[in-house]
Amino acid sequence: MLDKNGIAKRIAKEVQDGFYVNLGIGIPTLVANYVRDDIEVEFQSENGVLGMGPFPYEGEEDADVINAGKQTITTLPGASFFDSAMSFSMIRGKHVDLTILGAMEVAETGDIANWKIPGKMVKGMGGAMDLVASAENIIVAMMHTNKRGESKLLKKCTLPLTGVGCVKKIVTNMAVIEVVEQGFKLLERAPGVSVEAIKQATEGHLIIEGTIPEMNI
Amino acid sequence: MLDKNGIAKRIAKEVQDGFYVNLGIGIPTLVANYVRDDIEVEFQSENGVLGMGPFPYEGEEDADVINAGKQTITTLPGASFFDSAMSFSMIRGKHVDLTILGAMEVAETGDIANWKIPGKMVKGMGGAMDLVASAENIIVAMMHTNKRGESKLLKKCTLPLTGVGCVKKIVTNMAVIEVVEQGFKLLERAPGVSVEAIKQATEGHLIIEGTIPEMNI
Amino acid sequence: MINKKVNNVQEALKGVTNGMTFMLGGFGLSGIPENAIAHLVTLGINQLTCISNNAGVDDFGLGLLLQKKQIKKMISSYVGENDEFERQMLSGELDVELIPQGTLAERCRAAQAGMPAIYTPAGYGTEVAEGKETREFDGKMYVLEHAFKADFAFVKAWKGDEAGNLIFKGTARNFNPNMCGAAKITVAEVEQMVPLGTLDPNQIHIPGIFVQRIFKGAVYEKRIEQLTLRQRD
Amino acid sequence: MINKKVNNVQEALKGVTNGMTFMLGGFGLSGIPENAIAHLVTLGINQLTCISNNAGVDDFGLGLLLQKKQIKKMISSYVGENDEFERQMLSGELDVELIPQGTLAERCRAAQAGMPAIYTPAGYGTEVAEGKETREFDGKMYVLEHAFKADFAFVKAWKGDEAGNLIFKGTARNFNPNMCGAAKITVAEVEQMVPLGTLDPNQIHIPGIFVQRIFKGAVYEKRIEQLTLRQRD
């Protein structure tokens, strides 16, 4: 079973040389810490910055330089700032290569829900709807089950959708899963997690073909 | 009868304090020379400059600083450069207050033709179609008749249109005319030009109410 | 040069009244028109519709107007980090329209650019698209979204001049440039008012033609919402 | 930082072939990708569709490609000042689509921004709108215009860095920024290639994400089309 950093570490392996990447709030943010040093990647944040660096040292923070999670950040040489319309031109225009974001539910059809719990939580979709509607390459980072132990990989989402048929890959604390036409295709198991345990924790149709390797992190 | 500079002089009186103005090629360009000194006006050129100044002195010309007529220009303090999309945001978004342009024909309905003579002249519309489609305040600067002596103020344009029902005012070498619902309303005569002469030179419906004053330039 | 400078926030906000629709720049608490918001609280006008990516926090930004119940409707993309907002929304006191962030930006830009509506894929197949026209282009579905109509746009820039030219700083830029010229009257507040002619014409983010009034904000708190630091080795 | 720098125009233009659609920045002869155009002439590829506001003059800019009959179709807003162009057009050798300048800019921007189509009032009621969908919004008529699809965009900037970030100069900016990222591959040529980190992140006109290849142009003539001077008193 992976922790949040473990999920981030596994996802980091999906990041390829030359990728522009948008990281959502939460686990996705951690991915930046684990990307290989020998490849070139640029991080975009939809509030208007490309080429984000690490968080600032104390005393170097600037209220005018933040990421979409409203955290203070720094920029690397070659970075740029731009307005919101241009930022979403990058996203909608498919210039961003990879989007990594969290989810409350994912359906076997690739639908995703992550912005609203009716009558309860109404934070809003932020840039997530734009990201999932346009990105060709979307990875969801989340726990396999919710706090009540219920599967978050469903036949059909029960919460209001963020996007339809858009998720391609899911990395959870238990497994790496690809969304294919027939459902959730199990690609890898987390260390120490059995196929049976993943099956139990997955409500949607799980496709198991051949031997499922353990993740190599 | 006015010459080109006379037409420009008369149009300059229509330019009000605080106006952003787009000047077309030809006579309209001359208007800048006659705007009163005691009002503040900014000239926009659709190729991407606001706050144009006079032409440069010899040796001060810059291939990277031109107007829409491809002439070398200078800029005044407070000027700005921008891309074509933003330039037409200014125009389409009605941020430019007054558009002055030339025409080959104007119809009594406010239609204008100024970009094409089928089978003969095909320069293109440039920014004129955007300007006439959006500007709330359009003045046409032109000769009353063409080189063959035929009226350019028609019942209906014979040439391909640039815009429909958009011209509000016309200043020619003979007259100042307002386009109203019923047709061309004669407002002023050029010095030494009779109402009868204007009537002769106007094919479209000319509305003559009361005494028509001579222009005061 | 056409002079847009006014002396203070009072002059800048002349004409605001109950029931108006406002656009307000900023992302989180970064790049928000602090002085305009503070004066709107003072003026006490209400029944406002506010178009703003976020709704501030309980005691800063648009949260200040929410506390005084001056806002009737919010149009935003993300409204977390604000308990009073959530309370008013869930109780039905506050009308809330949540829309995708890119749609918000583009509906502002459409108003600025004189375009009546735009097509975006964001929100297709979700409740955001309910009741809206959808259309296929090249095998992909898009939602038709209309340009905003607003009475005032309040934006905050870093530097400006009396011609209304603006330069923004860092990610405090965000929605501010897209809202300039997108309302009947655009009011820009700046940290620094610089002499005419000192801004490089090549480096102006928003030309003055999009701005009707500009003033130097009296004070800027520039609060940081999520101070996040790296440990020194 | 993702490195977009290539060594010369040969590398930058790899992959161009007969029958492709190109976008080319510039207004008149100002801000045109001189080096890319010269190399297209050398390569001799033909049957090209070129999207460019103007068509150059007889002996410079796109006029060079016209002289060699490499262009099959031009999509432009204004094509005066070019006798060879007019000859080929009137004789029917050259297919020409003339569209309003603002429509040209916005169809580029739509492609850059992932929007399939836009509504503009320009050209309504004229032959430009013939065969196109029109629609009323708020009592005004608009024409639906589609985003361009192009194989390569050739743009010219003043300064750039290896990350592909661009800064344009004066009115040589024009269509160049709107074409970046609007084609499958965007090739930027610059007058000055500056070291990474020397451009102010706040003052970059086009971030490198919109550019696939960048090179320093070997030579710039920067011809003036209409030299217009004022007399010294």
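Worth pointing out:
In this document, chain identifiers A, B, C and D correspond to the written order of the chains, with residue numbering beginning at 1 in each.
FYI, a residue touches a chain if its C-beta (ideal position, glycine included) is under 8 Å from a C-beta of that chain, and two chains touch if they have at least 3 such contacts.
Since we're looking at a predicted model, the values are computed, not measured.
Touching chain A and chain D at once are the following chains: C. The chain pair with more C-beta contacts between its two chains, of A-C and B-C, is A-C.
In terms of their C-alpha centroids, the spacing between chain B and chain D amounts to 28 Å.
Between chain A and chain B the centroid-to-centroid distance comes to 56 Å (mean Cα coordinates, whole Å). Averaged Cα coordinates give chain B a centre that lies 36 Å from the centre of chain C.
Residue positions of chain C touching 2 or more other chains: 106, 109, 113-115, 120-121, 168-170, 201-202.
Shown for chain A are the residues in touch with two or more other chains, namely 49, 81-82, 85, 88, 91-92, 134. The full set of touching chain pairs reads A-C, A-D, B-C, B-D, C-D.
Listing the residues of chain C that touch chain A in their complex gives 27-31, 53, 76-81, 86, 89-90, 96, 98-106, 108-109, 120-128, 158, 168-178, 205, 222-230, 232. Residues of chain D that touch chain A in their complex: 1-3, 109, 111-115, 161-163, 165, 181, 196-197, 201-202, 204, 207-210.
The touching residues of chain C, counted against chain D in their complex, run 106, 113-121, 137-138, 140, 142, 146, 167-170, 201-203.
On the chain A side of its complex with chain C, the touching residues are 45-49, 54-58, 61-73, 81-85, 87-88, 91-92, 111, 115-116, 119-120, 122-130, 133-134, 160-165. Contact residues on chain A toward chain D in their complex (touch as defined above): 18, 20, 40-42, 44, 49-51, 75-82, 85-86, 88-96, 134.
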